[in-house]
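Both complexes shown next keep chain A, but they swap its partner, so chain B is in the first and chain C is in the second.
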Partner chain A sequence: MSGILASMIDGVLIGAVYGLAAMGLSLIWGVMDVINLTHGAVIALGMFGMYILFAAFPINAYFLLLPVIAAGLLLGLIIYWTSVHWVINRPQLASLLSTFAVNMIIIGIGTAIWSTSPYNVNFTLRGITIGAYTFTGNHMAAASAAVVIALALEVFLYRTRPGKAIRAVADNREAAELMGISSTMVLALAFAIGIALAAASGALVSTLFPFTILSGAGYQMKSFVVTVLAGLGKPFGALVAGVLLGLLEGAVTPFIAVSWIPMIEFGLFVVVLVAFPRGIFGRATA
Partner chain B sequence: MIFRRPVFWLILIFAALMAFIPLHGNNVSMREDLILVAVAVILASNLNLMIGYTGYVNFGHIVFYGLGGYVGLYLATVKGWNLILSALLAGLAVSFCALLFGLGILRLRGAYFALATIGILVAVQSFVSNFDPWGRSTGLYVPFDAYQPLGGARRALWITYFLVIAVMALSMILSLAIKISKFGLGLFAIREDEDAAVVLGVNATVYKAIIYSVSAFLPAVAGALMFYKNGMIDPSIAFEFMLSLEGIVMLMLGGKGTVVGAALGGGLYEKLRSYLLTSPKLSNFHLVIAGGMLLLVVLFAPGGLIGWLYRLVPRSEKVIE
Partner chain C sequence: MKRLTLILSVLLALFVTSGFAQNITVGMTVSKTGALNVDSLEQYRGFELWRDQVNAAGGIKAGGKNYKIQFVSYDDESNVKRVQQLYSRMILQDNADFLFSPYSSSLTATAAIVTEQYGKIMLTTGAAEGKTYTLGNHYLFQMFAPATEYLKGVLDALKTKDPKATVAFVYEDASFSNAVVDPAKAYAQQIGINVVFSERYAPNTTDFSAIIDKVIASKATVLLGGGHYADGSTLAKQLYEHKVPLKMISLLVAPDSDKWTELGDAAAGVIVPSQWEPQTAFKAQYGPSGADFAKTYTAKYSTPPSYESAGGYAAGLVLQRAIEQAGGTDTPKVADALNKTDITTFYGRTKFSTAANDHGLQVGHAMVMAQWQKDKSGTLVKQVVWPLAAKSANLVYPLH
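Entry: the complex of A and B
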């Protein structure tokens, strides 16, 4: 019984990281109605970014999140201006395919550099032992970092002018432009933040599990599930839904083989979309 | 009438050439090249029914091919049934599955549907990897004597080649037949504006489920034939996500929504890919090049090669559909 409890607590901690990845997806989706299929590739880049930085500067890996986030913002701007900006007013098919093309390019380059063999970031924080179970320090630190970043985003979106501009554009782009907001700049900023969040979550995952350049795809799938659970354009809801998904995974893993998990997640995805098209937290604006 | 369309005869001539050129001089290596081209054309043509005609992206199209391979191989080797019968049954079974999936996920519109198709791919792969009768993650293989009913392995390879070419021709004819039918018009209406189509009396849910199911049939038959020819199947080669994506690149490159474009893109891309994969310098970058091509096509030439031809020679639209 306590084994299940421990597994669930682990699940919650990992779920916070899923939530962080999903926040990025949800932000981009909600603000510009673009489904960012580069998400998984960027998560993988975040993992390798952490790997490279940690190899160069073997300090506490969680301090290295900051440069990863900065690089993520820059990458986000590059992706926005090369592949998203031009298709934003075209039918959704175009942005799906263009972000998808960027995904292929990133994965292709990544495979050429790192092949598809597994890597890991060799950094451990001391954990807490309660009875027979040890909660690793990395899990707790990664979850805390995810929550801190999520709170920072929330403050940014609700308390600062650029954040308010992002929410205004998400609500009604034409009206926001009439109020003097340059929607192009806002969209680029929102996209860059979304990409940076993906990179940050990848960096956090890299301190928990071994990874390959293809690992991002699984987290992308989880991000989609979490995003529809939370409802579109609700970044903080995404964090909560991520924790829920982690809790669910933690609760079922003691009983079934890990290879079934994608099927459960997908089932959840379809059921939620069909039964609660606006997410389980009710009215979303999307 | 379909027989009045020049493209119909072009398709037949193309298929006949594909079938007989390698036969001349028993050119086995050319046959192996061309069978891959044929499979690319089959995948791109059937994907076109969803993306090009209906405007719904299916990222998991390869599921049909892989599942068809599994069902076909299971029937042909474990049960020892006739190859053609097994392949047809595989097609029917997979179409039926697609209809069931489709009725579930086609309630989703646009991008949500696209995401669900990724989910279907992942879910089916995870199911097959855990499914005992299909050998879990080790898959199934064809024992050598399973080729005996077709007169030995050497003849069996030629027979499967001709069958795959026939499936290719059927895929293109199916695309043409749907394009000139009233059903096809309904699909185009959904693509242009689904709400308006529904108001005008197109039963969008049924149309989408049917086309999703139809687009599953021939790829599944082709999968059954190909994996039988290759002699083995396992979850990672059957549900190769990459191939699913390359199908999209092929279609966009050739020109979505056109019969010839899908085939042209499939053929050209497959040629390019085999060149890239065998070139020592570029083999690592074939994904990058494919992605770059897709990006350029989406940004600058949404009509693909055929769209470009239409703009260059507007009258060609009447002949090359």
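Entry: the complex of A and C
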């Protein structure tokens, strides 16, 4: 197997996790017009959530995603009712600052509890070896879990009443309210789902790499790139864009030093913003 | 009246004793948090054990006085900016008489600017980069053998075992690892070892997949590099998970820690260039023997000392001896005593360059190469494998 192909497969596997992380950001941004700056901190909390659960219940770590998602939903509701609901109708800067403050609170508490030292989830699944290259079981499981969660969200948004309500509120909040939808409840639900997705992606990352309470920041930046690539309010598009970003990383790394990757990613970010302001998947629904 | 006499005598006693018992304040920052915390904590334990033992023995005796050691230390968060603030604070507000360096070359380079600016002596340990000593400093003294020495032994061993080996350098983009690898590449070329791949990674890297794919594509048989604990342990783990068929892996710093065994099978066979190992038996002219140091350290901290711990303790010993020789804490006199130092402690020989172009650089200390090997019971044990004269076991080569 050629090195480029191996690198691209590795890129796609990690790209699916980037995509899942971005879905949460995209959903909240698209539905509520809120740029959620707690995103990175919640990803880090997802990592520590997995760490704590795995320490208590050393079973297959991927089964522990369910309690992490449940805790993420609860945390999302708490953040929404304490710091987002009251500023949602004010200019966008208010929610930006409010979520930034929550981000700092989470990181502050996290640093006090866990310091900024690295932690590991010591769980390993058998990988697959093709020629000289081995693809780790954890990468494949994390990518598969990301796709399953993304599909579940897609089914929820398009096939269930609360999901349809979220899309209706995203399209036109006033019209949705006239149809009897409680937009407040829907916004709280959308925010909670966005936070749960971020926590789930953090939990998946924790099974791949060591992490600290500050690790979410890097994934938050990638989430912004992916969200802009996909266009706002297109959660499933975010997954596809995440995979594409991973594929791009995998395709270029054999030819350049890895330290150049952020430059390429953010170069792409600017190009997409300028040339495709609604993302590469066309018109945004928000 | 009785009460007044009692108060007066207590006050008098306090006054008299304070006249005799003096304190020396030694300042240092510790990376209690952040990427450097594992190695930094081990270094600090070395300082701490030295202080406790000196104080328990009545302090440093110099010029007819007894000096007790007190520390002032802060968490630098593995962060250069904090180091700059905190070294200024320790000198200006806490009135530190002497300073020990933080852990790592980059933090130490920053601390050195501050200590030199205020004319304070700093013994550096856990900091091997040599460039800092070429800047015309007068009060900076290095305990570690400089970075240029780190990979010489590994390359010499490779030349002996497998001169046709192909080497990949994968290393942290930080001042220490750059200072180690740049001369190592030149040395490899000089002795005819083929370098087929070289790439630096950002200090906070956690995903090495892309670099590992490139190492495999380069068909390298040996990987040399690493940086510090967080990145080095992650790199070793991922090399193992990706089943990269390497004959030798040598990483900087990380495998020296006892925590390394937490990596399980990924830890086995990995080599670390080391400043000191408990097996290296130097005949100490001053201070405890290596065995005594290792025993008291292990008893206090329930873990064996790493070379960072040994460097910390030895820095204390060398400072203590210089204060004794200077007959007090006067900075120029102690600096003069340090310039004249040429001593063997449990840690090995210590001698500082007094040349104007690299004043304070360590020129006496020699390094060894340690490898994690499984003993008969399957337990991971760190063995000295190079130089051959100091070995406690044979080098395991190839790994696969």
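Assume the second predicted complex is superposed on the first by the 285 of 286 C-alpha atoms of A that agree within 3 Å, B and C clash if a C-alpha of one lies under 4 Å from a C-alpha of the other, contacts with A are read in each partner's own complex, and residues count from 1 in each chain.
Keep this in mind: a contact is a pair of C-beta atoms (placed from the backbone, for glycine too) under 8 Å apart; a residue touches a chain by one contact, two chains touch by 3 or more.
Since the structure is predicted, the reported quantities are computational estimates derived from the model, not experimental observations.
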item	value
Fit or clash - chain C, chain B, common chain A	fit
First (chain B), second (chain C), both or neither touched by A:132	second
First, second, both or neither for A:250, with chain B first and chain C second	second
Touching partner for A:162 - first (chain B), second (chain C), both, neither	neither
Partner chain in contact with A:116 - chain B first, chain C second, else both or neither	second
Touched partner set for A:263, first chain B, second chain C, both or neither	first
Vertex chain A, arms to chain B and chain C (CA centres, degrees, nearest 10)	60
Touched partner set for A:3, first chain B, second chain C, both or neither	second
First, second, both or neither for A:67, with chain B first and chain C second	neither
Nearest-approach distance, in Å, of chain C Cα atoms to those of chain B in the combined model	5
Intersection of the chain A residues that touch chain B with those that touch chain C	111, 257, 259, 261
Of chain A, residues touching chain B in the complex	35, 82-83, 86-87, 90-94, 96-98, 100-105, 107-109, 111-112, 217, 221, 224, 228, 257, 259-263, 265-267, 269-270, 273-274
Of all residues in chain B, those that touch chain A in their complex	51, 55, 57, 59, 104-105, 107-108, 110-112, 114-116, 118-120, 122-123, 125-127, 129-130, 241, 245, 248, 252, 284-292, 294-295, 298-299, 302
Chain A - residues contacting chain C, complex	2-3, 6-7, 10-11, 14, 111, 115-118, 124, 127, 129, 132-134, 136, 138-139, 208-212, 215, 218, 249-250, 253-254, 257-259, 261
Residue ranges of chain C touching chain A (in the complex, touch as defined)	32-35, 37-38, 77-78, 173, 199-202, 204-207, 209-211, 213-214, 216-217, 230, 233-234, 241-243, 245
